[in-house]
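Below you'll find a set of structures to go through.
In the two complexes that follow, subunit A is the common piece, with subunit B as its partner first and subunit C second.
The block that comes next holds the complex of A and B.
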């Protein structure tokens, strides 16, 4: 038994040509990945906060049709929900734009402020225990370390000015900006109210005594408050935000078209490269056919070549993509993730296209009269 | 070489020699026209031999060029969108706060600066443009959306957009506003006589205009500057952006530096072109959308050139034997190169035209869906054309370079 299949050996005979073909497929893979990365980078960043919810349900005002709106709800509603059986606690989150003045440059920039009762942490922000203790102090905020660089180099212990009031940076959290917001600061609700900011929460995080009846309680809240409030599980909220961004916001449409174009272009390149590579070996196939090998055997060789090329191309492309994602992630502070599901999707597309191109090239081989070639 | 030698030797017959030279030149030109024609014929025949192969190769090229069109076009339109509002006004100099970043949140400055600037005899008139992000509530659905509220002076001479120019003079009472008909559908029907609330004050739409600045807010509305502070809750001394007009034929740069020197440094002056340039740079280099589009262009250029190179050099490689044979039977290098270059040019044109049509279709679709000003401008057409032409010729010539070194004997 030879170690390598015939198809592989035919491909590897021209090592240089093989490298070039793999690189061309890698280019196709890269373009598919990049356009897809832009699209999902925006979606992931817009829905990021739903993944940070540290609770079972989220309530918001009816009119807050997407998460970058600021419609708030009455605080009394959260207490009413808390009175329902099965609800352990309801935590308010206050939020709004704040003008941050950098003491070094004197420049004022808009940042998003979040506030909540510090003991219960309704959002998972990757904070340390020390940071939580800092959060309880007066005139102290935690700064989002993933904020864009426009705020300057912010350090622990530094003084910053928020809406004209001096605050100390007590530590850091991780939250991440999106396409609308550039950065965030977090403070305790006590600090928030002291500076006379709105006392209406933009959302409430509900924790239940028993997670198994999440659905019933959700229905119940919906029944009582459906004229005023919307209630979601964090995952439902993510779906709604995705849907809004893709369908209603022009950004989703533009990058959706970019992604489609990327996929079509990538697929057609795969096809072209494989078709050329196989056409190059027509003589060899004809010879094999002339000395009596079956069409089935030839098909096996071609499929072997197709799969081999798509795998090599995919891995080179994957490597290039991871570099590109890194650079764009750092530049834009958007979430650029190479998730396994998306990678497998691209790998499948590449394989399918290569195999399809192989089969079309195969038709030529089957129809071929060996005598004509020589 | 030979000619020059003759010249030096037989100087009395110079005139005669000139005639000979001219004849030779003419012959050479005729010769090269004939050669070029032959190059073209051979290239066309080469390409029409395997029609399917030529078609698949053009397909690859179409997509490469389309990709470049798409990404460059998007970047172009995003830049245009970022400064669309400034194009609606006619001014020579703009006054902005020293902390100004971009239109979304311009810090205000004291409007007295504009009055001070008018003390310069060359400055003829000034205009206040106020900008504030507020909220719009749709009274029917009770949905609140973000709104870019613009305050304008009643000076139609500064306004170039006809809808705004016409509408602004009708804004007589505090309740009437102009609404951007490209606003998000959450705002309501976006029709004349629509009702709405801006920061909880009832308003009526008295006229419409077209802007569509959806990168900034879900909608946009214009009010008269007299009423702007009522909605924006701001001191009447504050102004966001000032526009200045100077006497015709005066040196704008000179006036700019005079004003910059005269006024305190809480404001800065820019010409219209500088303001637009700065705004576009900010958007493309700092805002994530801008960065993504810029990265997209870069990737499209790299990938586009790789595809072009791959396809074109494969086409030349397929004919390497024929090129080497031509060389072996005595044709000059330039003739062989000419065929290759012509072949490459034909391919590029075969790819460019369908890509142009495709890009046009996609841009129309995007425009209809989003009102982002995407279009195939003459600028975009020519940039892409010369870019692609350069890349293709490079690919063709580098591949043909092999012929030069190739020993015909080796090939057979």
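The block that comes next holds the complex of A and C.
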């Protein structure tokens, strides 16, 4: 059995042309990857906090339609929920916008503050025990190391000003910004109450006792408090935030059109390459038809070329994309991830793109009249 | 061979008892339609027997190539009937004609080889027409044997860019013969060849006709190859006007 098929041999015969064609298809692949990267980057960033929940359920005021809305709930509701059978504890999280002034630069920018009882750890923020101890100290905050660089170079022990009040940076946590919030600081609820007016939490993290049925308790809370509160599992909350983000902001349409543009560009490029290959071998293809090869066999030759171009174009585009994602991630702090599922999706799209181009190019072969060879 | 003028109406008497590869009766063909219609073949009768080499000659536009393409099932029949290897071509679909053509060896004036394929790969590709017929050993050895027979034993892995015109045409002939067709149709097979190469090509075809009982129809203007013909058919204005043994 030959190692290479007829289509592969024809395509690889002109190595330089093949390389250029693969690179051109890689451009289309990169466009699709980048558009998808931005789309998921925004979604992942907006829903990031749902993945940090260190509990079984999340409760919020029902008017808090998305996570960047700061509607708070009554503290007593958390205590009432804690009294329900099966509930182990309910941890409050306080949050709001804060003006951060970097004393070195004098620049003031908005940052999101989160506060909770230091030992409760309602969010998984990658903090160390030392950092937790720091959190208990007065006028001490932990800074999100993944915040955007607009806050300057923040170091442990540095003094920063939050709403005009001096704080010391006691250490770092990992949270990540989104498209609205550029960074975050975390402090104890004691520091929060002392320096701010509102003592109403924006959400409560519910931890259940062992062997409690999450769904049943969720339904119970909903039954009692549905006029005022909403309760979610972390996954439900993520889905709700995804749907809100896609619906409220036209990012789906914007980046979807971008991906479609990449797809169309890829089809055009691949079609041109295959069309040129067929044109350069018109008499040869017509000869194959004359001697008895079917259109289906010739289609297999064309599709073999299309798939080869798609694979080479994909891998070159994948490499370029990884570099672009690194740059975008570093510059914008958006979560740009090249996951296996997304990569396979783009690979499939690339193959479909090139196969479509091959099917269109095949019309030239079908129209060939082998009798014209004589 | 003695040259005897045979009238067209006596075709059926010739070699009546030999097996017949091609039988054409009252074949007409017209190009175009309406006012642009042009009749290129009129009432042609033709028979090609097993092991026979027939050369068809005539001026350009006489219809010989059109008749060749009809016999080769490359065009659908319009008027008359043609039987090829026992199969009537009347009413065949495009797909059925394509299937029939697998059993015919075609030799074109231009070799039409893929530049990217070696001589061996070209012949191996042609064998794909009858993939199920060949063992794995056949698929490896048969192209090599054919190329050796064609005097290309040292050019097996050469691509067309490294072959002379004569060598390329021999590869093309190998492609036509690799599946042992009982009918071979050739259009100006020696036009681009020098005397020596043309002679070799015709000797190969003669050998195939004698050894494998293949029937060979050659359309040509090349006077050099007439000596190889069992019969010479002359066409003019869409009709067979003369047949010479």
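Just so we're on the same page, the second predicted complex is superposed on the first by the 319 of 374 C-alpha atoms of A that agree within 3 Å, B and C clash if a C-alpha of one lies under 4 Å from a C-alpha of the other, contacts with A are read in each partner's own complex, and residues count from 1 in each chain.
The definition used in the following text is that contacts are C-beta pairs under 8 Å (C-beta built on N, C-alpha and C of every residue); 3 or more make two chains touch, one makes a residue touch a chain.
None of these values were measured; they are calculated from a predicted model.
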Partner chain(s) touched by A:292 [first = subunit B, second = subunit C, both, neither]: second
First, second, both or neither for A:70, with subunit B first and subunit C second: first
First, second, both or neither for A:12, with subunit B first and subunit C second: second
Subunit B versus subunit C as contact partner of A:224, first or second or both or neither: neither
Partner chain in contact with A:275 - subunit B first, subunit C second, else both or neither: first
Which partner reaches more residues of subunit A (counting touched residues only), subunit B or subunit C: B
First (subunit B), second (subunit C), both or neither touched by A:356: neither
For the subunit C and subunit A complex, residues of the former touching the latter: 65, 68-69, 72, 74-75, 95, 98-106, 108-110, 112-117, 121, 124-126, 128-129, 136, 139, 175-176, 187, 219
Interface residues, subunit B side, partner subunit A - complex: 53, 56-57, 59-60, 63-64, 66-67, 70-71, 74, 99, 101, 105, 107, 135, 141-146, 184-186, 214-215, 286-289, 291-292, 295-296, 299, 303, 306-307, 310-311, 314, 362, 365-366, 369-372
List of subunit A residues in touch with subunit B within their complex: 20, 23-24, 27, 30-31, 34-35, 38, 41-42, 45, 62-63, 65, 68-71, 106-110, 148, 150, 177, 179, 248-251, 253-255, 257-258, 261, 264-265, 268-269, 272-273, 275-276, 279, 324, 327-328, 331-334
Subunit A residues touching subunit C - in the complex, by the definition given at the top: 1-2, 6, 9-10, 12-13, 281, 283-284, 286-294, 297, 370-371, 373-374
